[in-house]
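Listed after this line are the structures, all set down as structure tokens.
Here chain A shows up in two complexes: once beside chain B, once beside chain C.
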Partner chain A sequence: MLQKKICMLGSFAVGKTSLVRRFVESIYSDVYQTTVGVKIDKKNVQVEDKEVSLVLWDIYGEDDYQKMRWTYLRGASGYLLVADGTRKATLEKAVSLEQKVREEVGVIPFVLVINKSDLIRDWELDSALESQLAAQGWNILRSSAKTGEGVEESFALLARKMLG
Partner chain B sequence: MGSAPQHSRDPLEFRPKMAETPPTRPAPEPDEASLEPDAQAYLELRQLILAPEQEALERLHQRVDDPASRTEDVGSVVAEAIQLRRKQGGDEALSAALAPTIETALRESVRKDPGTLADALFPVMGPAIRRSILETLRSFLESFNQVLDQSLSVKGLKWRLEALRTGRSFTEVALLHSLVFRVEQVFLIHKKTGLPIGHAVASAVAMQDPSLVSGMLSAIQDFVRDSFHAAQGQGINRMNVGDMDVWIEEGPYAILACVIRGVAPRDLRDRMAEVLENVHREYSAQLDQFEGDSAPFTKVHDEISRCLEHRYKEEAKAKSFAAVYATAAIVILLVGGWFGWRALQYARWDRVVNTLREQPGLVITSFGREHGKFVVRGLRDPLAAEPAQFIRTSNVNSSDGEFHWGGYYALDDGIVEQRAKSILSPPSTAILAVKSGVLTVSGAASANWVKDIQIRGLLVPGIHAVELSPELNPARLAFNQAKTEIEKIVVKFPVGTAALSYSERVELRKFAESVQSLLQAGDSLHQTLTLEVLGHTDSTGAEVSNLDLSQRRADRVALELGQLGVPERVLRARGVGTTNPLRTEDSEENRQFNRSATFRVSVPAP
Partner chain C sequence: MSHLLENFPVEMGFALLEYRSGGDFVPITGLPKWFSELWPGLAKASAPIPLTQQSPFLENFMLEAEDFWNSPGSAACQSETWIEKSGSGREIPVQARALFLGGKRILVLFSPDSQFHEQVKMLQTARNALLDHERLAREIQKKEILLHCIVHDLSQPLSVMHVAMDSLLEEPISERSKQFLTLGKHASNQQETMIRQILQTFSDDLRASLDAGTEAGSSTDLLKCARKTMALLGPTFEAKGVRLAVSASVVPESRWPVVGEASRLQRIFSNLLENALRYTPAGRHVTIGVEDEGDFLKAYVDDEGPGLPRDLRPEQIFGLFMKGKQSGGKAGLGLYFCRITVERWGGSIGAVTLPERGSRFWFRLPRAVAGTGARGSDLRGSADSAAAHRKHTHIRPLRILLADDQEDIRTLTAHQLKRNGHKVVTAEDGIHALKAFHASSFEVVLLDQEMPGMTGDEVARAIRKAEEGKKKRVFLIASTGNTASEDALRLKQGGFDEVLGKPFRLEDLNLLLSSAPVAKPSRQLLVQPSSPAGSTFAELVARVGGDEKLLKRMIHTFLRDTPKRLTGIAAAIRRKKPESLASLAHALKGSVSIFGAEGARKQANVLQELGRSGELSGAPDVLAQLKEEIAKLQANLRGYANQTPARPKSKRDSRRRPPRNRGKRRR
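Let's look at the complex of A and B:
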């Protein structure tokens, strides 16, 4: 049995929790996130005949009231970086978070998930930045917590990258 | 040619010459141009002969001088050298030589990163420290034992017996009995990733996904450590919720968490530490390189399962059963005792009633319990024994019983006899006996009492016949009575004469009637009798004349009686003179008694 610790990072209210809610096994309430600062869920994915159990640390996004606890990243094999397509600032935040992760725990696989693809008309995404990141080798996926689009793919891609 | 090979074999032969040059440097080549042709030739020859040795020498010098190659040489043999040295017995010197270096090295290692050495020592430090602590605790517990020794409760004694039996310390036994717990789950969690490496669960325990629980446990550990700025290695080691306890033991790479229901003994903590140390010892490298693959840890489950201890309060259970048994036994004893007591009481009363049944004059018609009392109903003759006397001599309580008697006349011989005695009031000389309703009267009794006894006896209930013994025959009694009276009569005469006075003749008339009735009685008894008339005189006068006078007096009375109707055939007159005086003649009055006639009734033997 292969297990991997992965983290979900992103600004406050980018939809990290909503993104995974329908796709994971969970026993803890969302309250943990605002209290302990993390909520742990589990997601099983299939990577080339191999079942991988992703233990998902959904870390509380930084806001005015609470700092992110970087300790929670320790031991993570990879992470999902979540941004909100309708808020440009969240993508910028994602970029700075990626940089911070590199400083704190080193280079580990990650996938950038730009959420709220169902609201694509309201997007204020800086496509220049997006393509710039893609050019740097970032894996970027669009997802929608509402429709479920891109969620499974994001996990599968991250798992592949971690095992690759 | 003979010396050249010798030279090449042993270049040291040239050493005396070489000694003139510095040993570390090759001899400087002489300037060829400045040399003489001979010298030139010598040099060439020398070069030809000695060149290979010189090169070899050169190489050796270089090797000795170069620290790198020297290190290489020593490095390749250092282990063997140490082994050789040890074999040669130079151990102590070697240790002494190495000790300062090793000490310095350890100090340096600790100074640089205490973690490395701590991690390396972790598996050995735990047991050593525990052993030391155990020793300390043991001495403490022994003194504690002595205190407990003085507690002589039943439980204490029981525990002490158990301690003796099982060879454990009393304290341990006491603890065993005081504690109840069960380790429901054991998590072995990789510290860095928070992923579960192993998970063991007791049977029938509802469990959550170990990955999630492990993650959350490490998250909480991190959270607490972060929040209170605790150092790595310091974290929660116990969480308590209601009767659930989570004990956490932390190692360099992994955390062992036990979920415990109830109160676990302290030695579980030791067990946990031991298990964690074993895991670290066995899987040190795998733990260090763990990236989520649990395959190398398949056997870890057995190890951590050792923490799945449980201890039930068996003694308490046994005790509770014992209490139930004891209560049941008491209830049975009480109920049994009560019934037993009742049965005993009943048996005692039954014995009393049976005794009463055997008594004459008592008839028991019913016996039983009424309103918590023993009630005896029956009939009782007034002359029967008093039932109370049987109660007194038995061991029953008279207040537990009630008697209801109806009156009746019993026909038992004894009772009838008593009844006859009470009704007939016989004289003390008479003997009354009753057998099968027949009253037999014997002994002595007056004719008057006997006269109507045969009628009065039949009036006594229970008597249907009366039998008198022969001596109580009324005719005989009448005969005897008449005889007695007749024989008391004294007919007195004046001095010297056989003539009867008028008053004596009147007396004789009454006397004759008595004789008539005596004769009648004799007739009814079919007895012929003789009435002898004895004539007496006083002692005055001559004996002959007195005899004559006494005869005449007897004849006179007999004649008188004959005239009064007494048949002559029964009369006999005999003068006895003074031979049979009635009284001693000490006075005139007594003398007068001797001038008389008396009577004697004689009945011939049948």
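Let's look at the complex of A and C:
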């Protein structure tokens, strides 16, 4: 079976671990538990006619306390860039992470997932920036690990991009 | 001893494995419990174990380890912690280290269990604190805006307090009462000072955070900003299948310079376009347009959505934290931001449901004129400096149009002005003010800046437009709570001659009136004592400038129209039409206020508020009470209407003292 490595990148507390848990185990918890280190999960998916094993690297969110090790991206076929729609700074962080990935490992497929769409009333993201990124060719999806909205779609879109 | 040494790594929780070519490992000591729990099959195997096949993380780490082993003397090679899951689902933290032992390539694996959990605990605390800090910062921002609104609203009642106490001080009251009133005035002055200080501090902060780089004289092109925002949001509209375009009526090459700053103007367009997109279905249109209104330029965003939300009044849409029940919007700050920004630049903003479908959100801004960056003087400062002269100011009688939607301010100010010998016509909103202006002749028009229907700014513009080509020019005074110097400058650029900061003192108003240009030489008038406030016949006569005929006509109109209004109110309640109820109750409130019927006014006000809230369940009871109050008023007014005209006398006499036989006449 085809195996593809996917890295989850983004600021801390944007919901990377929650997205993986929702995708792999269909579980969600409202309690924020920070990720220290790296957690790896697998899920088999059907992409068009092919069965693919996705190896999901849930990498801790970079901040002042933990710096990202770019060696984790070795062998990655793509990555899910995650931002929190209720925290504007996380989208800016996502933009800088994408640039850094390009510098470190070159251009590989990615999807920007703006998570926490269930908290639309607290939404803080500037649609102008979102539009600007879309205009640059970014694939952007909104998701909610809590409700499951957009989660399967995000991974499926990335898988298609990786195989395409 | 050697047996002890062999078991030492296992006892310490280490797994020591020799790396063989091909990616296999051979344990060189026993294996610790956590290793067996994690990879039970591997722990039992006697042959070389394919460890990297079991752990993608290790597979990745081996690339670094091989680099290390191939370059002896290079820096130590150690992994960060990663988490492996055992068969039972337990998460086990693991770390790896590559080293040479006796010339052999050794991989050391260990599980930093307690150390790891300490690290997690520390990071969890630190990140929770960061999130709390972010949340707090957002809350503070919201509360700062709220504080501004509260402080602004607090200053409004002070106008009433000042005028009311001024009025009382001029009544024939005892020295002791005067002392109490003076104390009250002193306290209200103190409160006014404090509110102004808070407002000023807040304004400075707000200006620092929001108005960076924005001066009153900044200008930008309205259409260019609209186009830039459209380009930015174009893909989002495309993604939803909504067509975004500039109205065909807009001449592309025209210039549209307005007062404002480009990035914030774009944010206004962005907020309005996002709002339009939110409610417009796929396949429909959103249109941006600009229009020339002379001194002002207007921009609008039309959508083809369901129209304005029924649960909100148009003016509520731009309120703080305001969201419709059907809204999928944000925190309720977007449209509020548009309003405070547009108003700060001297413009206005609004929204209407379009006749066919959809809604129009519009705003207008002053056309940018060269040299508008000059700063005006502070309102309070100008009033204070002039106040030194006010005691000796004599005011000639003037024909004044007074418009203020706050009934108490309107009534008290009108009362004071009339007592000073002026002829005063009042209007409860901008639309009525403009009607009154066209229906009669005035020397002075005093306009509250924020009124429903038409703002003071809009009325002023309409008046100035109507005066074009005429010799006569009315003296326009703005009364406003926005007392910053740029506000004064903006208002004067908008057509006002003078600006009166709210809350204002009567002396400030008198001072401004004394500077009104004289159409014809007129005798000077000294301030006269007035009759007591209330709803006696004499007081009502005084309220209409001593014109008994006018009063009787007003009474006649009231007695004729009120039953129809009450029927209309009852029908609005019965048919569950809150907007009609609010409108009819508002009109009736104004009518009964003329006659000083406080009880009826209060009940009408309650009905108006019920109408505005849409909650009509208590309305029938309130209507019953209102009818009772009005019945009493009608009985009194019928009595007044039948009174014989008072003995002809000079206006000065009627102002100076109430009729001696007032009590007998009423009986």
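Quick note on the criterion: the second predicted complex is superposed on the first by the 152 of 164 C-alpha atoms of A that agree within 3 Å, B and C clash if a C-alpha of one lies under 4 Å from a C-alpha of the other, contacts with A are read in each partner's own complex, and residues count from 1 in each chain.
By our rule, contacts are C-beta pairs under 8 Å (C-beta built on N, C-alpha and C of every residue); 3 or more make two chains touch, one makes a residue touch a chain.
Small disclaimer: the values here were computed from a predicted structure and weren't measured.
Once chain A of one complex is fitted onto chain A of the other, the partner contacts of A:Y79 are absent, as it touches neither chain B nor chain C. In the overlay built on the shared chain, the residue A:E25 is in contact with chain B alone; chain C does not reach it. Residue contacts after overlaying the shared chain place A:L2 against chain B, while chain C stays out of touching range. Considering which of chain B and chain C touches more of chain A, the answer is C.
Once the two complexes are overlaid on the shared chain, A:E124 sits against chain C while remaining clear of chain B.
By the touch criterion defined above, A:V36 reaches both chain B and chain C.
In the superposed model, A:Q132 makes contact with chain C only, not with chain B. When the two complexes are overlaid on their common chain A, residue A:S53 makes contact with chain B while staying clear of chain C.
Common to the chain B and chain C interfaces on chain A are residues 5, 32, 36-38, 40, 55, 57, 69, 71-72, 74-75. Interface residues of chain A, counted against chain C in their complex, comprise 5, 12-13, 32-34, 36-40, 55, 57, 63, 65-66, 69, 71-72, 74-75, 87, 89, 120-124, 126-128, 130-132, 134-135. Taken together, the chain C residues at the contact with chain A in this complex read 55-57, 60, 63-64, 80-83, 91, 93, 116, 119-120, 123-124, 126-128, 130-131, 134, 138, 229, 232-236, 239, 266, 270, 274, 323, 328-331. Contact residues on chain B toward chain A in their complex (touch as defined above): 190-196, 208-209, 211-216, 219-220, 222-223, 225-226, 291-295. Considering their complex, residues 1-5, 25-28, 32, 36-38, 40-42, 52-53, 55, 57, 69, 71-72, 74-77 of chain A touch chain B.
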